[in-house]
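Letters A, B and C name the chains as they come in the text, with residue numbers starting at 1 for each one.
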Amino acid sequence: MSGQMSTYIATGVLYALLYVIGGWGLNLQFATAGIINFGFILFVAIGGYVVGLFTLGPAGLTAGQQHAFFTRALPFPLPIILAVVVGAVLAAIIGALVLRRVRRDQQAIVLLALALAAFYFVTADPGFLNGSIGLLLIPQPVIGSNVATAGYEWAFVGGVAVLTIACWLVMRATTESPFGRALRAVRDNEPAAEALGYNAFSLQLRAFTIGGAAGALVGGIFAYFLTVWSPSAWGFAETFYFFTVVIVGGMSNLGGVVIGAIVVVGMQQAFQYLPNIGTSNLGVALQTICASALTVVFLAVRPRGILPERLHRVYTPGAQAAARRGDFIQGPARRRTAEPERALAEMGEVDTNAE
Amino acid sequence: MIHALAVSLGSAVVVAAVLSLATIGFTLRYAVSGVFDLTYGALMGLAMLIAYICASAGINLWAAMILAGGCIAVASVLLERLIVRPMLSRGATSWVMMIITFALGLAIEASVLATWGPQFTSYALVGRTYHFGSVVITTDQLWIVLIAAIGTLSIGLLLEFTQWGRAMRGTAANPGLAESCGIRVTTVRTLTWLLSGLLCGVGGVLIAIQIGSFMYTSWEQFFPLVIAAAIVGGVGRAGGAFAGALLIGLVTALASALLSSAYEDVIALGVLILVLFIRPRGLFVRAV
Amino acid sequence: MRNEPGPRPQPGKTAPSAPGGASMPPGAAPSPSSVAMPPELEGRDLVKSFGGNRAVDGVSIHVPPGQLLGLIGPNGAGKSTLGGLLCGSLRPDSGQVLLLGKRIESMPPHSRARLGLARTFQSSSEFQRLTVMENLLVASPLRQEASWWRSIARRRRWQRHEASMVARARGLLEDFELTKHASSFAGELSGGQRRLVEIARALMGEPTVVVLDEPMAGLNQHMVGRVSEHLDRLRSNGLALVLIEHNVGVVSSLSDQIVVMSQGRVIAEGSSDEVLANEEVQATYVAG
């Protein structure tokens, strides 16, 4: 296998894994908890910048003639851990403000505006995070020996794959649990959930925080991989790709998100290598157009995605073995999917019941 | 200090004028169909280019502006008929429409960038410059303000005093009731998108004139301002849209004067977020 | 929750031990004379206006444990508003709400629910994309299981609890003849079945006080009978129930006390015979 081919495949796999992790994060916020986070990319951005700021150090800044408001060189894996922590903390703060004080239908706009404002702020102020150039020359995590060997890429991808499996375990435990069920109840009908004793705000805040942490993890890994982290990596269109992954792949379905990631990355990689006809932007353009078309078509025809939400596990009384297997409750024992008639309207306004 | 303020005020008026028509167009779509149309910005950009092509072909710039507006008007009607209406009738909620319109906007932008390319162009403007003390005004800016004023006034009169205007306002307020009063809601919607498209196109060209040297993606700088103005004024109300444009114009002009023009978008978005936190219905709306 | 058939508790008898996990103040000392016990749910001088309209205008009610209070009145009388005030979805402009003697009018709905208050809603509010079984499970009294950490780290514990909750839920499903729909998504059921899911869900949480807002709407005679039986059993177990209903027949047979509202005020209260014989009630309450 030629070096170039190997890099091509490794990059593709890595991007897919990152879309999976990020997709799971967005899925938790959006499809499970019902928060329409159009500003998801903000957390990805935060993760990337934290990794950059905590690996470059003053020496790294001067080497690239860059400016940042703060930097400190810390050894791996501290920066990536910090990225997740900072992402979670900022998600908690933003969530606390937006989820409590803004009406549900306007939360989407506020979150979108936040992500956009952050984008414009970073590009406007070159001293903050080095403006539109971004942070450069981010040193990659050193695994064993020399960074520049051919095996490094695959080692990197391998590490991310292990991380992805860990995320999967956490996400699955989160969604297939009383916590996950409570989130879905709040999503379906907030007043009814509150009437059962659930603090909707607190539950949504937790989901928002976890999703933000996942986004930051993705950003941090990305920054390590690209060694550059600039606003073009997290332009607003990137949130759109994450939504495509979740919508096309399957809302509130972890496996669906994987499928969605494969579809989106597959498309991106395919168009990457299209011969450049006309102006140089054709490949990128086709990528965007295809992603757009795919999203629109799916929303029109199959809004649940390729793998829609499945029956979630319920633990029946009986032997431990049965409990471990997580038998579905008796009844129509076949696996069915959630397809109520008005498939699109599920996120619609709920009447806060006042007469 | 006074001088700086005078300059700010002057540019505030110009920015507000530039934004006003576009904001009214944006808010009309929301008023009548309930759609927060994120394709709007891409359409503004398209209008800029169409006007450029026409102007380069020798057509007078102002006529080209109307022509571009007309093209976008047609495009808007297609958008409404082919995409917005079918999706809404399937029960699509607001976030679904936002994603769809955003996707379309991205697709339009990608197509244009691929075919036209990201080069800067500008209209060949020949205008005189006037000086009032140290305040500089060009004829084009005067034209912009004039056009915006006439446009806003006409729309206002249209909405208030004509049958069409009343039908539009009725449909915006309560489609069901309007329907039973004999108003053909579907026709009203189509016509509103037509009008809104015209405003979008004209607004886009005005922006291009104001910036001077622009490229297709220049609309991205202004679209957040339009959205902010619409929300601040109370989405769905034409009168509020104008007031919102004024406020955003003022705020961004001040920001440019005090900080730098690079922060315009940040400040406008900041205002938007603040308004949604404090007065989600908008600032210029009569309390319910 | 044991279903003990038995005579209705008389005032003056010991407060029955609270079923389930709700906290209750150490019960009032039994007193041989008929001293009024602290009422379990009480509203005092509640006032709520919307715009200029006084939906609830100085209403006081109280429901002692082991009693079912029927609330009737024509449309627009303010019954659901009163229900909302008692349950927390609305805040009163003035007045107090007391649950188990504690003032709760400034408590949010979820806090009231944790004190043992359950409710059903006038418009269908089942969780559509959860199965019927999940609808019930999410109502289980062990809500502290819904902590993220416990869900991840203490899996065995919540799985065991869930198993026991499933057994209870199955019992309820059987009572309401919904067993074969246990794995169906609640949104796919018929209107009447969804109502039943909602009622069953309200009862899963082992409440001490239940407010039911038009629970019988959309149910056939047979089901109305089953639900009434269930409500009667609950009442015998010492729960306090408020039943807002249009179906006067059901209300009169179940209720210990009836309160009639019209235009925001209480116009009559007493036993069902007294109230229904009242001329003013007959005049205002046309629905029947």
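Keep in mind that, in the parts below, a residue touches a chain if its C-beta (ideal position, glycine included) is under 8 Å from a C-beta of that chain, and two chains touch if they have at least 3 such contacts.
Just so we're clear, the structure is a prediction, and the values are computed from it rather than from any experiment.
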item	value
Label of the chain whose CA centroid is most distant from the centroid of chain B	C
Chain closest to the middle [Cα centroid of all protein chains]	A
Geometric centre distance via CA averages, chain B-chain A, whole Å	32
Whole-Å separation of chain centres (CA-atom averages), chain A against chain C	41
For chain B paired with chain C, centre-to-centre distance based on mean C-alpha positions, whole Å	51
Residues within chain C bordering two or more other chains	none
For the chain B and chain A complex, residues of the former touching the latter	36, 83, 86-87, 90-96, 98-100, 102-104, 106-107, 109-111, 113-115, 117-118, 224, 227-228, 231, 260, 262-263, 265-266, 269-270, 272-273, 276-277, 280
Chain A residues touching chain C - in the complex, by the definition given at the top	170, 173-174, 177-182, 184-185, 187-189, 191-200, 203, 206, 210, 309, 311-312, 314-318, 323, 328-333, 336, 338, 340, 346, 350-355
Residue numbers on chain A that touch chain B, as the complex places them	36, 38, 97, 101-103, 105-106, 108-110, 113-114, 116-117, 120-121, 123-125, 237, 240, 243, 247, 278-279, 281-282, 284-289, 291-293, 295-296, 299-300, 303, 342, 344-345, 347-349
Residue ranges of chain C in contact with chain A within the complex	50, 55, 78-81, 84, 87-90, 108-110, 113-114, 118-119, 121-123, 125-131, 133-134, 137-139, 142-143, 145-148, 150-152, 155, 158-160, 162-164, 166-167, 179-185, 187-188, 198, 201, 205
